[in-house]
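Shared between the two complexes below is chain A, which has chain B as its partner in the first and chain C in the second.
Then we have the complex of A and B:
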């Protein structure tokens, strides 16, 4: 028996490693794709850079050729890919065509904002979905359950940007309680008193506009199906207090489907942040990516795409780990075929 | 002193009174068995002690714990009683434990909830578990027997005055069952505990209870010392229950009233003849207006053959001797030769030694019109064998022969055709149906036309009107009959039944077994019946194959089980299996 237990924990450690290995492979593949995009993008980087430096004057062919040589742009693609990856590993993502700033500086200015926004949205999603789902699953009032279900249906059917515009219209334009955006530029100091009111609307829009209905329903069905489970009866028959029965015996096993979905959903949330940041003019990577795409600033765009991919992969990994922690029966490896 | 007393207990579910004036006393240090069929109200009675009822259930009368009426307690007071003064062990131990936390966590949270400084490990040791091993394990890492012991330890960790054991051993093999119930009984005596043993198995009650109370339709119809109630049952219902629980092979019930068939609400005609209005037609042309089949006509060895070729009651019909057809060898239907199957993955994983040899050189034959019971403890390889016999799982070594041909050297198409000609019946019939399907759809899915469905339902002793119902609205016995009808729809040559009567009460079980017996005899069907219950094996099969550790340790006629020398594993199964059968001269 001891042997079995040791084996289980070994299996867990091994499968975590395997998952992490798979995640690295995904990121490598993604980086190759990003580099290919960068490489295939129209225009000549050297010409773009010279044009940006000289304030829009078309550069001479000799200058362009000189810069191309010094940038190593004439090397074969595998060499350039190796150099690019080496740079990325050292935090060097190249230079913005548009501003001439190092891309890593652009990222340093924008990434924290996006992490703040998505982090807040994830928290709202998790706590909101658990609270709403639990209420719907445990209430004996039919009207409350039906009300919640209807509300979730309506919210779940709305695209994220509609939720964002609706929130803007109600709380900013109509009631005037919260700012519509326009958080100070990345260079200015921001106090908590300024930050929080600006954070509320985009975070709510991001949370409620992206799968919130599905999350709450997953909590509701996950917990609801356990309400009459034998182990819950047993917990009651042993005289455990109600909150322990709910937290440990209903919620923990009941959250498994939700946690499994959340890991995937966070990726969607990061993607949703692009539109949300634009609508609320939030100075994150999403808005930066759209600006970079408009101005054909490929190094910035590629770096952000790569970073977004990494965030999605990491979120998936964390979701899998959360599921394995919640339900130790879940082995993080595909079941063996018979 | 009486620890637990029910006085005029009534339990109402919406629209129905399930328990109607139940009086029962469980004294300290005694085991009182409450025995009854499914739906008799015994489980609701047990659950009402700890107030575990679903919404809309109303409980009246009184339930006294010592001098306290549990029904008058506030929720807070009741919570203090639950777990500390009344322990409750559930039917499915594994499901009654939270899969996400360890056994130790279960015990400590219970102690903590009652502010007790007790020792959870001590409770595990008392129930025969190695606490050092089990403490950190999660429920799904335990075997069935370990899980039930752990659940028992959990129910008794605070040394309750009363233990309610609700069908605690239904899913266990006889050896484990004996160990668990021995522990329950020993604790009852040592710790002056009152035990209310809820069971549908009279033989279990007879062996482990001091008193037996027989409940049916929410009333106790007979109550007394176990020996008296079972040896000289007074009430007609008790007599029926005792007769069904005796599980005599058909040859031994000759001349006794065919209780099981008489009591069946939907008697089974013995051939595919649709029901006539007002009665059922026997192949011999015999019409029973009451819808009841003549006792002599069914369940009797050598009963009517297909098409009434053989007169009712005349011995020597097709299918032979009535002892599961062991006397007259028919054509070979299936054979296993040196079958070895290793579980636990392949390739990389297999090399790491994380494999189990589930079947190790298994070989036996199944002949037409023969019922073979495969018996063994949990983990003996029974379920793996079902997969191999059904040509679903490929053994790593050895041959599976069907009609003389090696199943795994056939082209895929032929193997699929072969699978269609194998009827499968599982323990949990409901789980084997699509929940959205009606009974008709369930059976039609196997390739039956509308007329076939009606005939099949009649064949398995169900009213064809049931076709439009959904399986979950049927009783356990009815569901198992629907599963049988579906298995018969593809006109199988062999029927594989995996514990089909485990979990059914004895009367329902006896009816299903009688039906299987009849199908074997009348249709020449070969039956492989997998069970952990030797009594059931002996009742239904002519030959018993005993599996232990993936090997066949015994393969012998069922009638010889007690008379010949058997392997140690078989002897252990026999010794642990409680029985109500009278010793035969």
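Then we have the complex of A and C:
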């Protein structure tokens, strides 16, 4: 038994390492691509800075040229990329063009809030989708199943920001149950008791506005198609209690398609966080990214794109591991490689 | 089973937290004697006043103070300086500081700080656009701690106005760049409120500064909350999460319905107009440009695009004390016909004005990213087309525009200042500032009468001479229009009806400046 476990974890470790290596390559490629795209994108950070400093008036060409020079923007892209990589290797992500703050400081201020928001949204998505999907798959009441399916269809079809604004109007403006934005009320310290209610609406908006419908449908179909499978009938015939049948024979294999989709979906969730954070004044990276994109704040934008890439890569990896755990038939690496 | 227990657990916690939050979230609103919380959409890149230009965000406005400042009529009045003397040749300005001034960190504020601020700004050059105001300052002398004398290389009438820029503390910024990020987030000024906490992306918290020269302000605390989404701002106002908020024109009616809230509408000197490019032959005849100024129905644009939150514009100084009456232009199709016919045009088969087979054809553009300007572009293009001008509306990306100012035919621009007129009329209308010379006269407008009026307005501070100069300027601009004037914008803020003190004033670019007299505000 112990031997088997060691063998399994050994294989797992090797596979994780291999994937981590691939992930590093993806991130490096992503950084180069991001740099090239920003270089090709229209916009002039120097002109933007000067415009902001002169009340929105167009700056003179001479002033723009001078600032571009002092910012090192006139160097060829490979030189700038090299300089940037050199900095990153020393843990220096550069400074924001707009505010002059170190990018690492901007990230330290914002990343934890985005992780908290997306983490909460993932939890709500997962538990909510499993609960709703199971209910739809197992119920014998056709109206309930159809009701859930219709609701999922409607919610799934709504853009994330519409869901966010709807939640805001219902629970905050109309019912007044929940605060509408920020981390805390004015003049309130950010404590857990204050933070939780502020988290509810953005997390729900992010969860329901992005993939929730698809997740629940995956659970429903994944579990539903197994309801009359021979091994389930067999388990019932052996007289196993209903909840054991559901948990062991229906849920575990039934969740495989859902788990596989979840890893990919986290990427979409991070993207969804951008709009959600803006609507709920949530001080995360999404809001930073939009501001940085609007003002061509390349150092901030590049770091955020990279970070988002890392999150997506890690989420995919975790998704694959979850599938392997749920379905023993899935090998993390082909048995006969080469 | 454990899983379902967990689900129930999570839901319970969320619901419980939600119910608990309702009380906490709405507790702060409307409490008399408490914190005043204001929601605004835009967050500045920096809280350093010399890196902002007439478009001072509320926090910077309250933290800093200049030697001079503006009163409700936008007249220059003493700020940190209690008085000043100007030499007869207007090349020497001597400012006397108030006694016992200190910075918000307790250090004394002296004439050395005045010299530091001006010299640093001058030295920063292109990085600090506001440095243009100090180009004429040759040196700053500080004979004693409360006296600073500015020696000018040439007279510069707007100098007193320019000295309203927030003074910077030498002891904090010595040896650092003006663009120092740390100072931009932890500013130290001599204004009525002191910044105690700033969370970028969230809020800024201010308390009264005990050492403020007019006495300690009455509001115990001000929180400026950054809420970028327009709808979210209105919702927070309704739920009482904020006491006050900046609102958009289309939200004024809704905001007015919120309990215990009233909407304050202030005029601004920020106008929109169609800039015409004088390098294009189609605009050569001034009668055509006059006709276009009679062809736009400004009231209709204010009603439809600005939801009533604007006023018709017929010149660059309509919101200035230098405004002359009566307005030179109004919507008048008969005048359009007369002017166009006298210029030799006749209606063609498409009902467009044409001369020698050529219509008054031009592209009207603006920044595609600015939805308010695009709306003005569309409506004014439709109106001009109905009046017989062959307008091709075409918004373009900001970045393209930046590189092609000289190629544009016509463009929806925004200009204007509530302060000294020079700063917003010299740039766009002086022939010495044309685009080819690197200036901000993007339409390459050139008119000797205008140049003369601009020069005499700039080189004197004799009020009568300046009044005459800017009257001449407005007359010359009406006779030979550089722009098709459209509208001045208004700015709206929803505030609690228990707040006393906000006083109407013509505000600047983007409608900032609502907090200009916050030191006098109080709860009733």
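Note that the second predicted complex is superposed on the first by the 256 of 338 C-alpha atoms of A that agree within 3 Å, B and C clash if a C-alpha of one lies under 4 Å from a C-alpha of the other, contacts with A are read in each partner's own complex, and residues count from 1 in each chain.
By definition in this document, a contact is a pair of C-beta atoms (placed from the backbone, for glycine too) under 8 Å apart; a residue touches a chain by one contact, two chains touch by 3 or more.
Keep in mind that what you see is a predicted model, and the values were worked out from it rather than measured.
**Student:** When the two structures are overlaid on chain A, which partner does A:157 contact: first (chain B), second (chain C), both, or neither?
**Tutor:** neither
**Student:** Taking the superposition as given, does A:63 touch the first partner, chain B, the second, chain C, both, or neither?
**Tutor:** After superposition on chain A, A:63 lies in contact with chain C alone.
**Student:** Taking the superposition on A as described, I'd like to know which of chain B and chain C A:78 touches: first, second, both or neither.
**Tutor:** Neither: A:78 stays clear of chain B and chain C.
**Student:** Touching A:50 in the superposition: chain B (first), chain C (second), both, neither?
**Tutor:** second
**Student:** Which partner, once the models are overlaid, touches more of chain A's residues, chain C or chain B?
**Tutor:** C
**Student:** Look at A:239 in the shared chain and tell me whether it touches chain B only, chain C only, both, or neither; answer first, second, both or neither.
**Tutor:** first
**Student:** Answer with first, second, both or neither: which of chain B and chain C does A:253 touch in the superposed model?
**Tutor:** first
**Student:** Under the contact definition given at the top, report the residues of chain A touching chain B in one complex and chain C in the other.
**Tutor:** On chain A, the chain B and chain C contacts do not overlap at all.
**Student:** Report the residues of chain B in contact with chain A in the complex, numbered from low to high.
**Tutor:** So the residues of chain B in touch with chain A come to 50, 52, 54-55, 79-84, 88, 90-92, 95-101, 109-110, 113-114, 130, 133-134, 136-138, 140-141, 151, 154-155, 344-346, 349, 354, 393.
**Student:** Which stretch or stretches of chain C touch chain A in the complex?
**Tutor:** Of all residues in chain C, those touching chain A are 1, 3-4, 6-7, 10, 13-14, 17-22, 24-28, 34-35, 37, 45-46, 51-55, 125-130, 179-181, 184-185, 199-203, 205, 221, 223, 225-229, 231-232, 235-236, 238-239, 241-242, 397-400, 402, 405, 414-415, 427, 438-440, 442, 508-510.
**Student:** Which bits of chain A are touching chain B when the two form their complex?
**Tutor:** Its residues touching chain B are 1-2, 4-5, 7-8, 140, 228-231, 233-241, 244, 248-249, 252-253, 326-329, 336-338.
**Student:** In the complex formed with chain C, which residues of chain A make contact?
**Tutor:** Those residues of chain A that touch chain C are 42-44, 47, 49-50, 52-63, 66-67, 70, 95-96, 98-102, 106, 109-110, 123-124, 127, 130-131, 165, 168-169, 171-173, 176-183, 185-188, 193-194, 196-200, 243, 247, 278-281, 283, 287-288.
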